[in-house]
Structures are given as structure tokens and as C-alpha cells.
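Lettered A, B, C and D in written order, each chain numbered from 1.
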Amino acid sequence: MKTVIDAHNIKKVYNPETIPVVAVNNVHLHLERGEFTALVGPSGSGKTTLLNLIGGLDKPDTGSVIINNVDITKLTPNKLIDFRLHNIGFVFQAFNLIPVLSARENVELIMQLQHVKKHEIKARVTNLFQQIGLEDKMDNRPAQLSGGQQQRVAVARALASRPQFILADEPTANLDTKSADNLLDIMAKLNKEENMTFIFSTHDQRVIERARRVITLVDGQIHADSSPVSVNVDSTIT
Amino acid sequence: MRGETSQSELIIRTVRPTWQREMTVKTWMEGEKYAMILIKSPAKEKGVAFLKRDKEVWNWVPALERSIKLPPSMMTQSWMGTDFTNDDLVKESSIVEDYVHSFSGDTTINGRQCYIIDMIPKPEAAIVWGKLTLYIDKKDFLELHTKFYDEDEELINTMNASNIKMMGGRLIPTYIEMIPADKPNQKTVLIYSNVIYNKPIPDTFFTLQQMKKLN
Amino acid sequence: MWLKLAWKNLWRNKHRTAITTAAIFFAVILSVAASSLQDGVFDNFIKNMVSYYTGYIQIHQKGYWNHQVLDNGMIRDSSYESRISNQKNITAIAPRIESYALASFKDLTKGCMVVGIHPEEENKITALQNKVTSGKYFDHKSGNTVILSEGLAERFGLQVNDTVYLISQGYHGALAAGKYLINGIVSFGSPELNDQLLFMPLHTAQEFYSAPDLVTSYVLGLKSDKYLGSTVSKLRHISGETYEVMSWKELLPDVDQHIKMDKGSMSIILGILYLLICFGIFGTMLMMMVERRYEVGMLVAIGMKKGILAMLFLTESIFTVIIGSVAGLSCSIPLVYYLKEHPIRIGGEMAETYERFNFEPIFPASTDPSIFITQGLIVVSIGLLLSMYPVITVFKIDPVKAMKK
Amino acid sequence: MTVIIIIQMAWRNIWRNKVRSMIIISSVAIGLVAGLFVLSLYKGILEDRFRTVIDKEVSHLQIHHARFKEDFDPKYIIPNNDELIKSLGHLSSVKIFTPRTIAQGMLATGTGSSGIQIVGVDPEQEDRVTSLNSKIKEGDGFVNGKKNQLLISKKLADKMHLKVGSKAILTFIDKESNIISSAFRAAGIYQTDNTPRDERIVFVKQKDLNSYLSLDDEFHELAILLQNDDDVENVQASLKNQHPNLQIESWMDISPETKLMIETTDQYSLIFIVIIMLALSFGIVNTMLMAVLERSREIGMLLALGMNRLKVFFMILTETVLLTITGVPMGVLIAWFIVLIYHRHGLDISALGGQAMSEFGFSSMIYPAFPWEKILGEMLIVLIASMLSSLVPAIKAIRLRPVEALQK
């Protein structure tokens, strides 16, 4: 069992000078390899902020975020970018692909940034598109793909960097039910087959049901941290 | 006609529309090569002398105690404010050689019978005029009146000679005036008061040393 | 109502407003700078050329210019002089008496141009004092002294405190002769002047030429070349038939021609500049409309009349244009003043040529207020003209299509 | 490689908003057209001035006896002229040269007299060096076999009431200081723009003048045209080296005023090119800044995904450079085309300046000349200007904070 994220007592306040808004407060979060975790809570409860903090997109005011034994709050901005590149996969709510690049190129970009060898990129790209079931759409531009397909490509792209975990902010928010299910299936499959760690925020009850661990945020604090009713029993076994 | 040598005293009067000026000068000449001009009045220019030797013109200015050789560029300048240029002092032209003459009639001027002679410069002759018309006294062969034309037969200057007197043993006009055609109220007048012909002048006279001692 | 809305819209997207305003702002600054440099450079060039020797305007007795002899000179008339110097645009009136003379030293005799000058007035126009390379300029005590141009001094091997002999024909044919102590030596870049000028204090020259009170020309200095034409016609009016009033354009026709050539080409350059400015401003307008298509579509969809919307956009543009121009003008004023005080310096070989002519090697800017007004107006007009683009777009927009994206 | 994909992205980004890209491309093109047109305009003006001075007046170089120009004493002929001419013939940089005999003197007609410089020329050779025949406005000019022919300027002819065929007396001194007067007939009346110079100079045949001055095949002045304007200083230096006793002057020594005017004009054009480039730059800055702001979300995402700032910076820079590179050939072509048209038909400046320039009989036409020699520099300037101006949006892009950019 390997710890992937270890966040200690993190706190983030916006507009500290004017009207302070405590976005995240006193949050401890421990995530282990292979987890499939949903972050839930009402709007403004701090889900996105928390994801940004553990994804290294934002810095907490206090506390530490240790990923893969590195305290990312202590990294310089440039190191942080590099760290994200090699350790964290992102799936965003919308507009998540580079519109001028084809699906394949979107995926390849990350590997190229990581300086992966050319032939290896090729092999991995084919593999990744097989996994998301879009081998036939590899050379389409994002605009030529449906929302669900785009989001699947986004997952493939997040996977391409071989990250420690994949962080997804409301990945299904803009998708119809069918596409959302499809996406979830792929994520779950990856979780199961590749032991990929996922943490995603969501509103969608059906998505929450598929999570193995649900962390509920209220007013920036962890209100509950439990397995949902339908959680698979052997989720803790790796 | 100039003699072998001549010495003369004369008044040069320059008349301009707004002013006029008189100079008294004394001249010595020998042939066409040598000449000396001494200014006797007005007071400011008294003692100023010009020496022509061959092709050169020297100017002695007592105030500066210096003699200056006039450079060629000065030749076009008017001589002492008159209608003569410095170049006129040294220019040689021969009426006989440079012109083609023809009689064109006769007339009477101041009671004297005159030939009218047209003189046209030969093509190569260095003469600015296109034609001269001379009125020559039939008896004494005196040039009494001359008209100077340019090549377009336009009148440029008129010369009048009068006051014919016996001087230095010759009968000469002692009052000569030159009147430009296109400049009203402007002329130059020469009035001879004394002329001596063929009185020998020593060789040492036409020298720079002599010029300084003339006073 | 829409005034307020327009104003608020501007603040809503500060980035966009800032960029559009900046486009106008820089357009004003650049066109002011270009135009002020152009004016400044030409003024300076003219000033250099005319202060070299000729002066902005010369007045002579009628006929002098065609036949430059002393006898065509004029008697100084103090009431006439004061009437001239009372003219607004005139900074100095320097009387000169000019004629040819023979200069002689040892065995050498050479023609030269003897110029009698009023030391102070002359200096105001030609800065002759700055051209002195050895010895001194004339002071009020200077009697029988002269200042020689360098080439002439070299030719004679003359130095300061040597004596030079001058001989010439004075006024009305009088003999002019005198010996003069050399007070100083001046250098001119042009060989023509450098090899033949010889200066004397005016009174000395008048005495030399036996022409008390006679001058051949009045050389005038001007505040600004801009009013040359009107100054000349006023002077002509004052001077009547006896005098000829000539501007530098008549005195130095070749310089005038060169300047006209350059000015003509400069107007082409300004035209090109405006074209680029148009593109800069149009680019931002275009982007603004691309960005706001959705918003416009929505507003039309919810029932806002296109006319009012167009008015709103126009008002926004007018605000932007005015803010940009006012900001541009208020920044260009100090910039241009700075460029006037700290002009662009010319370097290298060019500077040497300038120094040779005793010109300061600079390109100054002009601070003529009309430049700011004209250029400000031109840019505002360009801005307003281009503001028609959003208006037209608003009228052409199809709300359904616009909101689709 | 990453570089390739970044360039690819940049290139595709350009085509995302065609209107915007066209604006930048045309700004670059117009900037370049502007710059090149300004340069051609000035080149046209300068060539006109320069060519007048070099090809019609002083030539590239003039050689005199070291003392000749002091007083123009006719005895100071160029010594060993055979040798000099031979050595000039061997110089490949020398195009052509013409000997002249010069005398200071006076021209007189019945109307009056005027101080002048009499220039004895070899008519054919002189025409080749200073286009003498093209300056003749009236009369046939020098004719073979006729003696004592004279070319006089319009200005002087008017002053002296001379017409073609009329006679004038030239007076000058020969090398023994004898004063010579001789009658010449006006074979032609010439005119150039340089009236003050015209008024001083009359041309006669060198053969005629030499015989009056008692000179053989000797002369006072040798005017040299070179193959190439840039060779002046080199050739001058090497001639000075070979003939230390001669006065060897370049047109810059003889007419420093021309040098001054030419250099001043050259410098102006530089200043105005800078201003035009600034205008271009602000256009680019604005448009690219818009592009960056519009895409801030996307750029934020790239930063979030782990594309480092250097690469984002490089991408924006590449976009601008690609746009510029597209605009540059367009600009060059358009400029070349415009210049071609105006070069042929001339550009009437007086209409633009609003002034009647023919007042003094000067031509107001400029014939712009395409500045091939400056084209690379100009392209580089435009490229640098656009790169510099893309710095602002590029910096803006890398300053984006991914969290904020993504929220928009």
C-alpha cells in the first residue's frame, strides 16, 4: 500500500485583505494508491479549491501537500509545473482539449513534454486510445468529437503522463447520462485494471454511487469521509 | 592717335544718376607696352598710382606704402569707379587690323564735315562690339562721334568728342564723353588740360621704384 | 441611460478597454512624435542652413541682388530698422556691407569678400562667434581689426595679430585701402565661404569703403520659419518700392527645393503611419466585436433595439477614443518637450559633417501647439471612423447565430 | 519533438482566427511596404541629388596640381599627365575620366562683363562624364571643326544679352601671365538646377583654350567617374598614395554641402522608419495581446497540464514570427510593385506637399528606387520589431495563473 497524497491541515483563504472567504480550512486528506474517490459537496464548499491545492495549481496558506514524498507547497513555480507534468493527470470540466491539436496530438503533447521516446509515444498512444475505445477517432480534432468523446480523450491525455493519480474536476458535468456512464466505465476500468488512482469532484449522485470513497466538503471542511452504500467491499484490497 | 610717347593731364568725371565724381590724373605712356597713371586729386586718392608694364598692372597705394599686382580676377572690375575696367588699361586692339571698314556716307557735326565709316570687327577679333559707326572729321581726321553697337545692331554706347584744341603740337578734341545708351543720366567724361607728345621718357620711369616716388 | 451603461461596460472588461485605449493612446503619441520630429527636424535644418550665412530674410535696395555692387547699397535708416525689428516674428536685424576687395600679405594678393558686420546682431543670426577657431570675436572696442576665414588665412599663412592689407574700390568709385590687424580666424564648412570671407566691424568697413552709414543688406533672424510668408509680406508692405525683401527660399533656392522634396516625401510617410494606426485600432475593434458577439446576440435576443445597442457601442468607442487621445496627448506633451530639451543626437561620421558646418548634430522636436491639435484631431477622427465598425456589426448581427457559440 | 508540436500549435493557432491573423499579416506587410517605400523614396531623392552632383557636376574624384586651386594659376598643370592617365586606365574601379583646362577670366559683350571660369573640355569625353549635351537647352553645342565655340548658361546669357550664335569676348591670362582676349561664339545655352554655379562657368573646347594658354596636351583638372560609388574613399587613398604631389579630392571634399544634405536625409529616413516600426509594433502588441487574453483559459490549461512557461512563451513568439514571416514576402512584393510603378511614372511631390515646386523651374518628381541593398536589413528590422512586440503578450501569457485562467 502506497500513499499518493498526504495533505496536512491545509487552509486557503481568498481575498484575505478585503472580504476574506475561507475556501478550505483545516483539511487533512490521505489518499492511497488505487483509490477511486469522489469529492462531493454543495457549490462553494471548496471542492475545486481543494482539488487545485492537491493538484499543485494553487498554494495553500498553511499546511503541506505531500505527493509521492514531495511537499509540493515548497516547490518553486517552475518546479511545480514540471512536477505536475510528471505526477498528476488532469481532467477538466470543459474546454479541456487543445482545439488546434487532434485527439492524438493532444495526448502526444504530454508525452512529448516529458521527452518520451518517439517510438514509445506511438505505442502508448495506440494503447491509450484502445483503452478509451476511440482508436478510430484518433486524428479528429476536438471540435469533431462529442463531449463524452472529448472527455475520454482528456482521460487518455491525463493517463499519458503516467501520473501518480488523476484529478478530475466535475468530469461529467457537461455530459449526458450515457456519455457520463461511459466515461465512468472507462475510469473504473482503469482503476481496476491499471490500479490508477482517481480523485474527482462531482454533484452527480450516480457518479457518487460508483465511487469507493466519498469525501463530503461543507464550508471548506471535511464533513464526512466514508464509503458510499454501494461501495465494493474489496475496494481496500489492492 | 597715340604717339610714340605721350604725357597728359586730364580730368576724369564720372556721372551717375545720384552722384558724380571728378579725378585729376596725370598719365605717361610709351607705345602700347608701358603706361603710368598718377592720381592727383581728390585728396584721399592723391598719390595713388597705376603702372602698366607689359601685361601686368601694379597699383601703388601711399596710405599702405605698398604696391600690389592686380590679379587677373580684378581685371573685370571697374577702374577707380569709372566706366573703364582695369582691363581697358591693358587691352590692345588695332583699328586697322581688327576691323573691316566701309564708307557709308557723310554728314556735318558742329559745322565740321565728316565721313561716316562703319567698322565691323573681323570674326576672330577680340572685340565685343558688333559694329562701330565712326564720324570722322574730313579735314583733320578727328574722331568726333562714335556709335557702338552690339551684334544685334542695338546701340550700346555713344562717344562724343568736342572742344578741339591745339595741344602738344597736335589738334585734338579735349572733351570726350562716353554715354551708355540704356542708362540715363550716366556718363564718363575726359577733359584734357595738357598733352605732350613724343617727349622722351627714360627707361627707368616705368618701374615700381619710380611709381612710389611720383609724388 | 446608455451613457452610464457604456461607461460601466468599459469598466467591466478592463483588459479589453485598456487595449483599445492603448491603441488610441499610442497612435496619438506616435503621430504627434512623428509630426513634431518632422517639423523640428526641418525647422532645425532650415535654421542651420540660414544661420550659416544667409539669414531667414534679407532686405536690400531694389536691384542689389541682381547686381551686387556697393553703389546699389542703401543708407541706414533707423526708423525703418526699428519698424522692422518691431515686427513680432523678428529676433534680430543685422546690417551688413559686402563687397569684393583684394587682400594682400607679403607677395600674395588675392580677392576676397569683405563683410562689414554689426558684431552683436550678426552673432544673433549666424553665431559667428562660435565659428572662431583662434583669436577673438569682435568686441565693442574693436577698431581696425578683421576676422579672417580659415581658408583665406591658410592661403596667406596669416595668423592672429598679423596685419593684412586690403585694397578695393569704395563707394562711388573712391579708392578703398587700409591695413588691418587680424583679431580672429573663423571656420566655415563650405569651401566657398571658408576661402573668401573676411569680416570687419560695420563702422570699419564703412570707413574702408568710404561709405558712412551705407549697408548692402539687412539680414533678419526669425523666431520661427512657420510665419516666414506672412512676415515677408508684412515687411514688403513696410518696405514699399525702394527695398527688395527676399526670403531664404529666394536666396537659397536649392535648399528650398531639397526641403520641399523632403517635406513632400514626409507627408507620404505620415500617410503610411496613419494607415498602420488604422490597422492597429481596427484590429482591437475587430477583436472586441468577436468577443462580444455572444453578448450582443443575447441583448438583441432579449429585446434590446439594435439602434440603442449601436448607440451604446458607439458611445463606448467614443469614450475609449477620447480617453485614449486625452491620455495620449497628455503623455506626448512631456515626451515632445523632453525630445526638444534632449534632442536625438546624431552620431558617427554624420556628426563630423555637422560639426564641420558648426551645426549642432541633433534632431530636435518641435513643440508647436498646432501639432498636438492637428494630430490629436486626426487620430480622434480615425478612431471615430473606425468606431463605425462595431455599429455596423451590431446592425448586421443575427442573434441566433451569435449565441450559438 | 516538442519544438515541432509547439510550432505546429502556433501555426494552427494562427488559422483559428483568420481575420485577426490577416490583420497582423497585413500590418506586417504594410509596415514593410511603408519602410521599403520610405527607403525607396529617399533613395530616389538621394539618387537624384547624388547623381546630379556626381554625374553632372563634380564626378567622384578630381585631380589637380597641388597648388592649382589656390589661385587657379594656369601654369599649375597636372605634371606627368601621361603617366597618370595610364595608371588610371589600369584601375578597374575607374569607369571613365575627362581632362579639363581651366582659366579664370572675364566674359564681355557690348552689354557688360562678368567674371567667370572658363572650362576647356573634350566634348565627347565630357559628355560621357557629366552629360554635358543633356544640359544644352538651346543651340547644337560643340561642333567638330568649328573654332572658338562657347557654351554659356541661360542665366549668364540673359544677363549678358547673349544668344546662340552671338559673340562674346573671353579674357584670361596664359601660363606666362600674358593677358589673352579672344572672341568666342555661343554654340549653345545650357541650364542646370544649380544656377549660382551656372552663372560662373562657361565651357569651351579644350583644344581652343589650350592653344591660347600655350599648353600642349596638358590640363589642370581630371574628373573621374568610378564604377562604384562606394569605391571613392579607397581609390582616393590609393591615388593619394601613388601621387603624393597631386591634390586628389572626392566629391565630399569638393561639395561638403551635398554630403551634409545627403546624410541628413539618410538620418531622417531612419528616424521615421523607427516610428513606423513602433506603430507596427503597437499594432502587433495589441492584436496578439487580444489573442492571448482570448485564449487565456487554454493557456492556463497548458500550464496546468505541465507545459512549462518557456514553452508557452516560445509558442506565442512562434505564432508572431510565423505571422511575420507570412507578411514579409507579401510586403516585399507589394512594395516592389508600388515602387516599380512610381519608378516608371514618378511621384509628384508638389501635389502632396501642396506647394508649387516648379516656382524655380525645379522638377517636383521623385522617382523612387527599390532599395535592394537594404532589403535584408529592413526585413530583419520588421522581424525584430514583431518579435519584440510579441514579448508583451508572451509575457502576459506566462504570467497567467492557471487557477484563475481556468476559472474564466
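We adopt the following convention: contacts are C-beta pairs under 8 Å (C-beta built on N, C-alpha and C of every residue); 3 or more make two chains touch, one makes a residue touch a chain.
Predicted model, so just to flag it, every value in this text is computed and none were measured.
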Count of contact steps on the shortest path from subunit A to subunit B:
2
Please strip out subunit D, keep the others put, and tell me the connected groups that result.
A | B, C
Farthest chain from subunit A, going by the mean of C-alpha atoms per chain?
B
If you average the CA atoms of subunit B and of subunit D, how many Å lie between those two points?
55
Report, in whole Å, the distance between the mean C-alpha point of subunit C and the mean C-alpha point of subunit D.
24
Taking each chain's centre as the mean of its CA atoms, how far is subunit A from subunit C in angstrom?
69
Which residue numbers or ranges of subunit B touch two or more of the other chains?
71, 73
Sites on subunit C at which at least two other chains make contact:
110
For subunit D, residue numbers touching 2 or more other chains are 71
Could you list each pair of chains that touch, in label order?
A-D, B-C, B-D, C-D
Residue ranges of subunit A in contact with subunit D within the complex
52, 55, 57-58, 77-78, 81-86, 88, 90, 92, 95-96, 98-101, 105, 108-110, 112-113, 115, 157, 161
Could you please specify the touching residues of subunit B with respect to subunit C in the complex?
14, 16, 19, 21, 39, 44-45, 48, 59, 61, 63-64, 66, 68-71, 73-74, 77-78, 80-82
Under the stated contact criterion, what part of subunit D meets subunit A in this complex?
1-2, 5, 8-9, 12-13, 16, 297-298, 301-309, 311, 402-403, 406
Which of the residues in subunit C end up touching subunit B in this complex?
71, 100, 102, 104, 109-111, 165, 167, 169-170, 172-175, 177-179, 210
Inside the complex, what are the residues of subunit D that reach subunit C?
17, 19-20, 23-24, 26-27, 30-31, 33-34, 37-38, 41-42, 45, 49, 70-71, 193-196, 254, 256-257, 259-261, 263-268, 271-272, 275-276, 278-280, 282-283, 286-287, 289-291, 293-294, 347, 349-350, 352-353, 355, 357, 360, 362, 364, 366
